Amino acid sequence: MVGYQFMGKAHSHAYRDLPFYFDGKIKPVLKAVAGRKEAAVKDAADRMGWESYETDWRKLVERKDIDVVDIVTPNHTHAEIAIAAAKAGKHVITEKPLALSLEQAKEMHEAVKENNVKHLICHNYRFAPAVQFAKKLLEDGRLGRIYHFRANYLQDFIMDPDFPLIWRLKKEVSGSGALGDIGAHSIDLARFLIGEFEEIVGTTETFIKERPAGEMSGGLSASSDASGYGEVTVDDAVAFISRFENGTLGTFEATRFAGGNRNKNKFEINGEKGSLRWDMEDMNKLDVYFSDDEEGLQGFRTVNCTEEVHPYAGAYWPAGHIIGYEHTFINLLHAFFEESAPYPDFEDGVKNQAVLEAVEKSSEQRQWVSVSK
Amino acid sequence: MVGYQFMGKAHSHAYRDLPFYFDGKIKPVLKAVAGRKEAAVKDAADRMGWESYETDWRKLVERKDIDVVDIVTPNHTHAEIAIAAAKAGKHVITEKPLALSLEQAKEMHEAVKENNVKHLICHNYRFAPAVQFAKKLLEDGRLGRIYHFRANYLQDFIMDPDFPLIWRLKKEVSGSGALGDIGAHSIDLARFLIGEFEEIVGTTETFIKERPAGEMSGGLSASSDASGYGEVTVDDAVAFISRFENGTLGTFEATRFAGGNRNKNKFEINGEKGSLRWDMEDMNKLDVYFSDDEEGLQGFRTVNCTEEVHPYAGAYWPAGHIIGYEHTFINLLHAFFEESAPYPDFEDGVKNQAVLEAVEKSSEQRQWVSVSK
Amino acid sequence: MVGYQFMGKAHSHAYRDLPFYFDGKIKPVLKAVAGRKEAAVKDAADRMGWESYETDWRKLVERKDIDVVDIVTPNHTHAEIAIAAAKAGKHVITEKPLALSLEQAKEMHEAVKENNVKHLICHNYRFAPAVQFAKKLLEDGRLGRIYHFRANYLQDFIMDPDFPLIWRLKKEVSGSGALGDIGAHSIDLARFLIGEFEEIVGTTETFIKERPAGEMSGGLSASSDASGYGEVTVDDAVAFISRFENGTLGTFEATRFAGGNRNKNKFEINGEKGSLRWDMEDMNKLDVYFSDDEEGLQGFRTVNCTEEVHPYAGAYWPAGHIIGYEHTFINLLHAFFEESAPYPDFEDGVKNQAVLEAVEKSSEQRQWVSVSK
Amino acid sequence: MVGYQFMGKAHSHAYRDLPFYFDGKIKPVLKAVAGRKEAAVKDAADRMGWESYETDWRKLVERKDIDVVDIVTPNHTHAEIAIAAAKAGKHVITEKPLALSLEQAKEMHEAVKENNVKHLICHNYRFAPAVQFAKKLLEDGRLGRIYHFRANYLQDFIMDPDFPLIWRLKKEVSGSGALGDIGAHSIDLARFLIGEFEEIVGTTETFIKERPAGEMSGGLSASSDASGYGEVTVDDAVAFISRFENGTLGTFEATRFAGGNRNKNKFEINGEKGSLRWDMEDMNKLDVYFSDDEEGLQGFRTVNCTEEVHPYAGAYWPAGHIIGYEHTFINLLHAFFEESAPYPDFEDGVKNQAVLEAVEKSSEQRQWVSVSK
């Protein structure tokens, strides 16, 4: 694994916990973690249970005892590492967004295809049991033709103007702001549940344009003016409207400026025969409405998706005993290693990136743009 | 009052109930209701407590014993009646949207100004105590700079493809569909709470393009093909993004195709210092978040706006004893007759219409458009 | 009507509003209101629309132009007025609880039976559409055998120790505290929905034993010590467990010391085939669970009981446009005047009083007691 | 560890996961699991990561390489194993309830004290961050004097009359039904948050008195009649009222017959200065009400207890990324091994058992009983 921050922790835990919950042919061994600062990476390896560490990710790629390279570094490094890993014949796992640009994403996809390695992009929210169950209801035609997909991903962690200029706020490192960081998750959920995007119109916004600059992460620094402030070069918020290939009307909003919403990743789907609602902060529940329920008894049902019949839920606890954020990663990795379910791969990463690019283009051109196929 | 359907009932009730709850200088007397079909209008007069009836609205306008003309007819008739009433020196009350077009709306506004009569457009949702209280919090600066306004108005009453081609589905009678019928309410709430719109990008959608045709209302008929189907000429749904003059980013969606949502008129506001959430289906409650609440104790408070301190709530019942839809009209009329609070007038109607027009223009031109001032 | 405080307002409004919403054979005329203080009763008559007033309730009972006497005075006066009214051949409406004791309640019931007049006790919460709909589901056997009835009635209006010693806090005037004031409503809902009580065990509690004394209401004063404090002689809270004749296990709690709960009157019912949940603060909604819903799709449905199919809801507004507290009285009076539905009468009042008495007896004897039949 | 069913899984996982999330002096090693059926226990050891297995728990107790014995077997075996383990100088962890009777519980407590070993009873729900945070608010006096504690523990897993006669339904194996299985958790939460019980009145109920009999667990069989049905000898539901030493009034209900409630373990606390509400099915949230919040802005705040400031939450994920059921065990074990917080021990087990005993005694004697000290 390259990198060891928040996502490194989530992935490491999932590798460790996976064999406890699922019987699989493959049992991950935590061989080595890489990072530039020796003391920090050594500590991370100890804490998270990696057998060894490297201070140069290239070493990981070269090591014979490593089959999978997992990339949880800032976004601007994904491409180089992933391509090198693929060329070395390693299977590749990457955090989202895949890359800084659609072009770069396509190169990565080419590399994994050419080298015939498996590839995964960590859109973990697909793997909440409630979301997998939503997918099943949709596939079974239980909602009929879909009219609306409505997604909000609301956070508030950078609302303080004194929150520093971290790497996620610099375009050259992160590609975009709320758009690629959290909007990409909504886009993935939309693609998973509804289908492909046709065209988009939207806008981005940066509410706080300068922030205290300093070290950003792993040796990166943001340039600053004399007063120690540097420019925020990504969006704080994004809103866009889309049409899907199947005619569904989509509305999306992703923001880091919605006070009181720590991680409110939610969607609603309205179809001919019913509706669904889901919210990551209450991730075990799926609200389900059927328009053919008996008259007078129509209403959203709150289904606690913790029963044997709900995808992946049976691996955990009895009904009503909820699971949390980390289990989305465990389920995702189970799908990847055991191919127990379709998992998001670099092709998904490319298609997601095409939507991100279309949003940015629409924001600049101030009009509808087609999503590149 | 001209017209006597759903809105006629809501208005009639409010006139009757107003003096019970509020001490005011003016006590409305229900003089006469007008409608074209004698039997029906006579029955409506009896049922709703009007002293007399007329079968031609022009008679109402001429009657000396009438001070206020209230127009609750289909939208295409608002202008003619309102202008005639104003010219006759009557105060005028109209249902929303004000008119079929911005131009028509402006003519109406001119007429009431020239004839120096009072004028009201019935954006009743402003007058839920929770919304009035939200306004107070905003005016007091409790949320600081506003970043986001997010409105959904979701209904589902025409989802059945066999639902007939009523007047609300014909452009020449209604002006627009979900946009002017319910989206106009969201626009009014946004203008009331946030401020004026600057520019807009959006789209409209008609999911069911033909419906069983027949008599629409009050003598109107929709043309149909041989099979008895006629064309739906308005939007079933609309989505748009806006920027406000003060920099707030707005997102709006109004639809009649969101199954399970009977009348879900809701908004969220995110500001520098806090957030608000409101939903008409639970109209007594306002969710309030303050970012300067004590660490660890931050969270949305669910405030039951039924206390003396909440605007208009003191006129009704003790705290916790909720009120409903009809009370928004009572409060609105109290504001109008007693000028107890700013009420939405034809100027608001014009500005609202300018937003409606911008949305339709943007939908056609597929790009951002400025809102006409 | 005798009395004109909170309940007087609720009743007056309901008489006025009833004919607007319901076509009935009987249209109430607000003839006269009685109270001891002339200025106040005159003002109340004006404000609430009564044609005349009396300063002695006996005058009301004597008046020929009055058919119905409605008693909304403090509890200790119900019996004398009701019996006098019945003897004078007037139909009688009384607020709950019927009387100060079971014996007194029985005398009242005898009086109305002997004089062959109609009688109503205002357990209005039965008449929320969601509660009427719950009743229908139960009658239709949709829940099967009932295992549990669980009621909480939580208020907080007297939590401040400086809240004065009003008449509701003196046993000689009110009979009991939270028990008879709000617990009686839960008992009525239980009897309406589940059936008759068999036996009870419970306890009462007075958290604040002395309060500032002064005039209580209508000329009554509470005695006080030198410091101006008087003794609270009723319960602040009550909790009891019951068995019903049909084997259902009931749990009840009523308190005025549950901070944050302004008027949280709620119940849950668990039966063999499903469950129901209702809360007066959200009175339009009924949560419904069916155990034979499809596997994986089981969950409480939130039904907004505002549709034509929901009892009484059709008289008001389109689906999703909620009603409030006052409408429970309108529905109740419609049932009484038009006998459109079984309404709670003095027999219900007697049976309710028997439960109240059993709770007090159990609290004293510290053991289970049978409910008197 | 002795036993390897549901609780065995929960404990095993927690031992494995503990060192990932918490830095501690002690790192548990999963030495051996014991069970009577070799094939099954071998499989459990493999699946859950135990180094070895034994088919007789006495072997575990004798093994030198084992420091802690964890007992997750049916309740009737707790005492013998725990006492033997204590005598062998092992630290002892036991599932709740501690024993079948208060006397037995006291013997167990004596044994661990005499042998000077550490002891833990797994009341895991104390260790949800939201509950720990509630404890902190109470200790800090934020709610003032406490008036009410109100607990419901609602499940529905045995509602089907054809659900078999498992060991949890036989008194000689489980001690009691819903009372000891889930009511014991509510009792522990009450003792943790409010204080000691003074006296109790309550009742138990068995709705389904006979069930299909067969093998129950680990070689146990339930006797049956000719038709294959055996008697249920424990309660299906229990309700009781309590007074606490500090004057708080408590109400409790625990049932396995509340359809639609898979694991609804909830409580409400009402104090002089505020209220708290918690529900295990939404375990990350704590509803908090303060009566000294600004007028008009009073309401329950929904606090998502996933922030650094919330006890134990900092060990997991960023704010808003929820945790689940299993984390309550990890936190509990961290408290036990590192003594990072007071944990429930055998003394708590004894006091809990005294309450269970008082409830059963009250149910038999049909009156209030004191809780044994």
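So that you can tell them apart, the chains are marked A, B, C and D in the order they are listed, and the count of residues begins at 1 in each.
Going forward, a contact is a pair of C-beta atoms (placed from the backbone, for glycine too) under 8 Å apart; a residue touches a chain by one contact, two chains touch by 3 or more.
Keep in mind the model is a prediction, meaning the values are calculated, not measured.
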- [ ] State the pair with the higher C-beta contact count; candidates are A-D and A-C.
- [x] A-D
Open item on the list: Based on mean C-alpha positions, I'd like to know which chain lies farthest from chain D.
Closed with: B
TODO: Using mean C-alpha positions as chain centres, tell me how far chain A is from chain C in Å, no decimals.
DONE: 54
Task: Centre distance in Å when chain A and chain D are each reduced to the mean of their C-alpha atoms - done: 36
- [ ] Specify, in ascending order, the residues of chain C that touch 2 or more different other chains.
- [x] 261, 298-300, 304, 307
Task: chain B contact footprint on chain C (complex, rising order) - done: 6, 10, 12-13, 16-17, 19-20, 23, 47-49, 155, 157, 261-264, 280-284, 304, 306-307, 316-327
Task: chain C residues within the chain A interface of the complex - done: 133, 288, 293, 295-305, 307, 309-310
Open item on the list: Under the definition above, what is the set of chain D residues touching chain C in their complex?
Closed with: 147-148, 150, 152, 154, 156, 159, 201-203, 205, 207, 237, 239-241, 243, 249, 251, 253, 255, 257-261, 268, 270-275, 289, 291, 298-300, 366-368
